[in-house]
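Every chain is named by a letter (A, B, C and D) in the order it is written, and numbering of its residues begins at 1.
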Amino acid sequence: MTNTNTNDPSEDTWELAGRTLRSRLIVGTGKYADGPETKACLAASGAEIVTVALRRVDLKAKDNLLSWIDRERYTLLPNTAGCYTAEDAIRTLRLARELGIADLVKLEVIGDPKTLLPDNEETLEAAKILIDEGFVVLPYCTDDPIVCRKLQDLGCAAVMPLAAPIGSGLGIRNPHNLALIIEQATVPVIVDAGVGTASDAAVAMELGCQGVLMNTAIAHAKRPVQMAEAMRLGILAGRQAFLAGRMPRRMHAHASSPTIGLIE
Amino acid sequence: MTNTNTNDPSEDTWELAGRTLRSRLIVGTGKYADGPETKACLAASGAEIVTVALRRVDLKAKDNLLSWIDRERYTLLPNTAGCYTAEDAIRTLRLARELGIADLVKLEVIGDPKTLLPDNEETLEAAKILIDEGFVVLPYCTDDPIVCRKLQDLGCAAVMPLAAPIGSGLGIRNPHNLALIIEQATVPVIVDAGVGTASDAAVAMELGCQGVLMNTAIAHAKRPVQMAEAMRLGILAGRQAFLAGRMPRRMHAHASSPTIGLIE
Amino acid sequence: MTNTNTNDPSEDTWELAGRTLRSRLIVGTGKYADGPETKACLAASGAEIVTVALRRVDLKAKDNLLSWIDRERYTLLPNTAGCYTAEDAIRTLRLARELGIADLVKLEVIGDPKTLLPDNEETLEAAKILIDEGFVVLPYCTDDPIVCRKLQDLGCAAVMPLAAPIGSGLGIRNPHNLALIIEQATVPVIVDAGVGTASDAAVAMELGCQGVLMNTAIAHAKRPVQMAEAMRLGILAGRQAFLAGRMPRRMHAHASSPTIGLIE
Amino acid sequence: MTNTNTNDPSEDTWELAGRTLRSRLIVGTGKYADGPETKACLAASGAEIVTVALRRVDLKAKDNLLSWIDRERYTLLPNTAGCYTAEDAIRTLRLARELGIADLVKLEVIGDPKTLLPDNEETLEAAKILIDEGFVVLPYCTDDPIVCRKLQDLGCAAVMPLAAPIGSGLGIRNPHNLALIIEQATVPVIVDAGVGTASDAAVAMELGCQGVLMNTAIAHAKRPVQMAEAMRLGILAGRQAFLAGRMPRRMHAHASSPTIGLIE
């Protein structure tokens, strides 16, 4: 799927739903202080795709948020943040389509207003119907290999397992699950939610993910624009390290064989 | 000590023994397949300082290894790899000085040929004598806050605690110790040895280290030149994230207060 | 739910589906070398409940496995290991009920023959129907707080999230998820699968679980009977530590406040 | 050194400085609320050896603390807590010997009043002199394999590396270092300081340590006597698990070979 024999990052592209992308960082547009900060963070991140919560924007009005996003530069990925049932998410997306959004959407069905963890059961149900209706679905889900396999079997264009709860900044809680998901994946695996700092993003890429989606880690850093730049670099670093093929872990240099596994 | 209020990485310099440096990555010159690979890896790493084992080079001869290192571009940091006593390290450095090396040296006194772990006791003894003789000493040591404080009190120009044993690739085994070392540091803290991949380098920088020194992680990657580039990016990513100030860790977005500490 | 103000372990009982239990360790009966080893391990574990795979035993015949389990001493918990759909699990349990098993059952719907990870979607569907039919359902599931909440809302008598994949011995991969599950639980939380050694069992109890279910960690230890004893002790140790209330984590003794959270 | 082929914990003894011991838990006597709590915690812990800070007790007077310790039941292990130099520790022990303490002592030379981390350099110097003077020395040190090897080469009767700083409750910060120390040990390895809860003690024993020494984890638990019991059980659990030989870690049950190492 990707060019793996290169040292030139500019040639390392990937495919998502028919688009050829260079950036592996997808960023959210919520939680920033204001429009100029939003604009500066998107630019510093190098993102080519940005998500927008359908519940938060007024697609008909000359919305404040959208006016800060250069539509020539960024592909908008509308998401269903704030939906708690398959029905709710489906209705929101149908309405948005009537108002002119494109088919590529991020499906997010939340199971709990406190933790904001996804409801995989409702997500599976919604994905099935939305794909039947011609949407190109990128679903947010837990790091559950069985759910990810079902979502890709339904025809989702990617799977987007979380690293940790939305807004937690806890980083990749279960790299073992991500490794199982990546091993079986036939579509891109994009880590969505829970990343807290640049090394978390690098770890996701080193595990073999195709991309990372984040919002709070940038927006709630002390200096959001600088963190957007750090995340851009962290994604590149992790991706290059993955392509480079890391040395094996050993107890020490003179250990006769690598005795320590890839997963900690 | 460093410019912390910038978003322009080119302005983020640091001081080591009177030198102003831009790169925070110091690389070793051993373990590469050949001269051209050495040269390419050094270039890709962006390093400004490279270490050379005095035991492995012939300073008088037109040495193969040294011929691949552009002396205009890189500051050579001779090290005492292979020395097992203070006496041995001191003798090696005195001899090298007679043959023309500069005063800036990496002091390495090994305690065990199997694990290659440092002998802090001998290192402290050697550092004291070498500093008295005018050397500018950068000592390799364990991640022991008491030893690091003693080394800086002796007048070492930096402290270089390990992340894990040389050649292990295990990454930062004890971030808690590194945090204690950084908290008390009056000289740069450079993580030396044990880094395995780009995210490890990023983590070191996010903890607040001033630099990272590595060799095997680059030389023993499947594609060393690409890993050198990954490490360059990982250091930049971690440094920018440190300057940006990461979001607090929380159980979830709606946790009333950050309940999860900085150290895992 | 449990007596928390005691130092006498014999008074620390818990309730599961109307039964008052002393032991918090539930063990499987598969994977042992032979009948005598099975019998000795069950005895050493101190378990009061043991699981039996319906697919592996012949309930009508004088089965070899069952003949080694003292029915006066142990409550049998039939499970649906090997079932891959809700329909399959339901049919298996209906048939078993006709042949005389009691209502208390462990529901296990597997999603993948390789990882043996549970299929939560099918598990939820099966749980709903089985509870309607009068079964008392203990469901095996992933460590997903939303799924666990749904299972308890359906009327399951406990929730049994995994620590790691069946037979992996990886221990508790995501203590953060378990903490969220325990925080919301209205029924006992029993960690099921993935425990590898005694400290893993202790950690589960220290997090606040009511019990642990395991099989491979005992059966595939070098000395299974001794590991059964170790697990019995590990469960007791973790439970007592939970009741005792651990000291806070701090950077060091003189840190002015605990700065390191409960979850690592 | 120990009986490894048994399932009867009462037969699993170990040797420390010529004594045959059953309990592998050594406890401190500081930080308790009062004498009765001290007495109850010592009893619940099952310890056979208890440490006493020479700086805190008045060996000549009918000291309050000592009056709560049954000298028939417990071997007193005087320690040099509060000493910051080799000279200070040596003087303290010489004086105590004149006042009648036995030869078995815990050597503790602190390097920093804030972190209470040991000063290995001073500890090595003091150990050498004290052993020459006939003391049987159990030295507190960092988890540094080179220092531990030197201490055992000097003739120490055990090595006592820390798990984490005194009073931190952080548990075993660097199991990799402990594994290296145990691998080379010719004397018992006793983890000293940093344990926070019962599973930490179990982990130490599972790594192959011979014993664990603790104080704050018991004294600063909400219910100290119950935590003392939890620690007693945790040590037994970990020891039995070590003797039983744990199953290998695998990605999942059907992984063709164990791919995940012993050290995390």
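What we mean here is this: a residue touches a chain if its C-beta (ideal position, glycine included) is under 8 Å from a C-beta of that chain, and two chains touch if they have at least 3 such contacts.
It should be emphasised that the depicted structure is a prediction, and the values quoted were computed from it without experimental measurement.
Determine the set of chains touching chain C that also touch chain D.
A, B
Which chain is most remote from chain B in terms of Cα centres?
Relative to chain B, the chain with the farthest C-alpha centre is C.
For chain B and chain C, what's the span in angstrom between their mean Cα positions?
Computed value for the inter-centroid distance: 47 Å.
Could you grab the centroid distance between chain A and chain B? Build each centroid from C-alpha atoms only and quote it in angstrom.
34
On chain B, where are the residues touching two or more other chains?
In chain B, 115, 117, 170, 176, 180, 249, 251-252, 260 touch at least two other chains.
Given the complex with chain B, which residues does chain D contribute to the contact?
Touching chain B: residues 111-112, 115, 117-121, 124, 142, 144-147, 149-150, 164, 170, 173-174, 176-177, 180 of chain D.
Would you tell me which residues of chain B are touching chain C in their complex?
Going through chain B, the ones touching chain C are 176, 179-180, 249, 251-252, 259-264.
Sort out for me which residues of chain B touch chain A in the complex.
Interface residues on chain B, with respect to chain A: 7, 9, 44, 113-117, 165-170, 196-199, 201-203, 206, 216-217, 220-227, 229-231, 233-234, 236-241, 243-255, 260.
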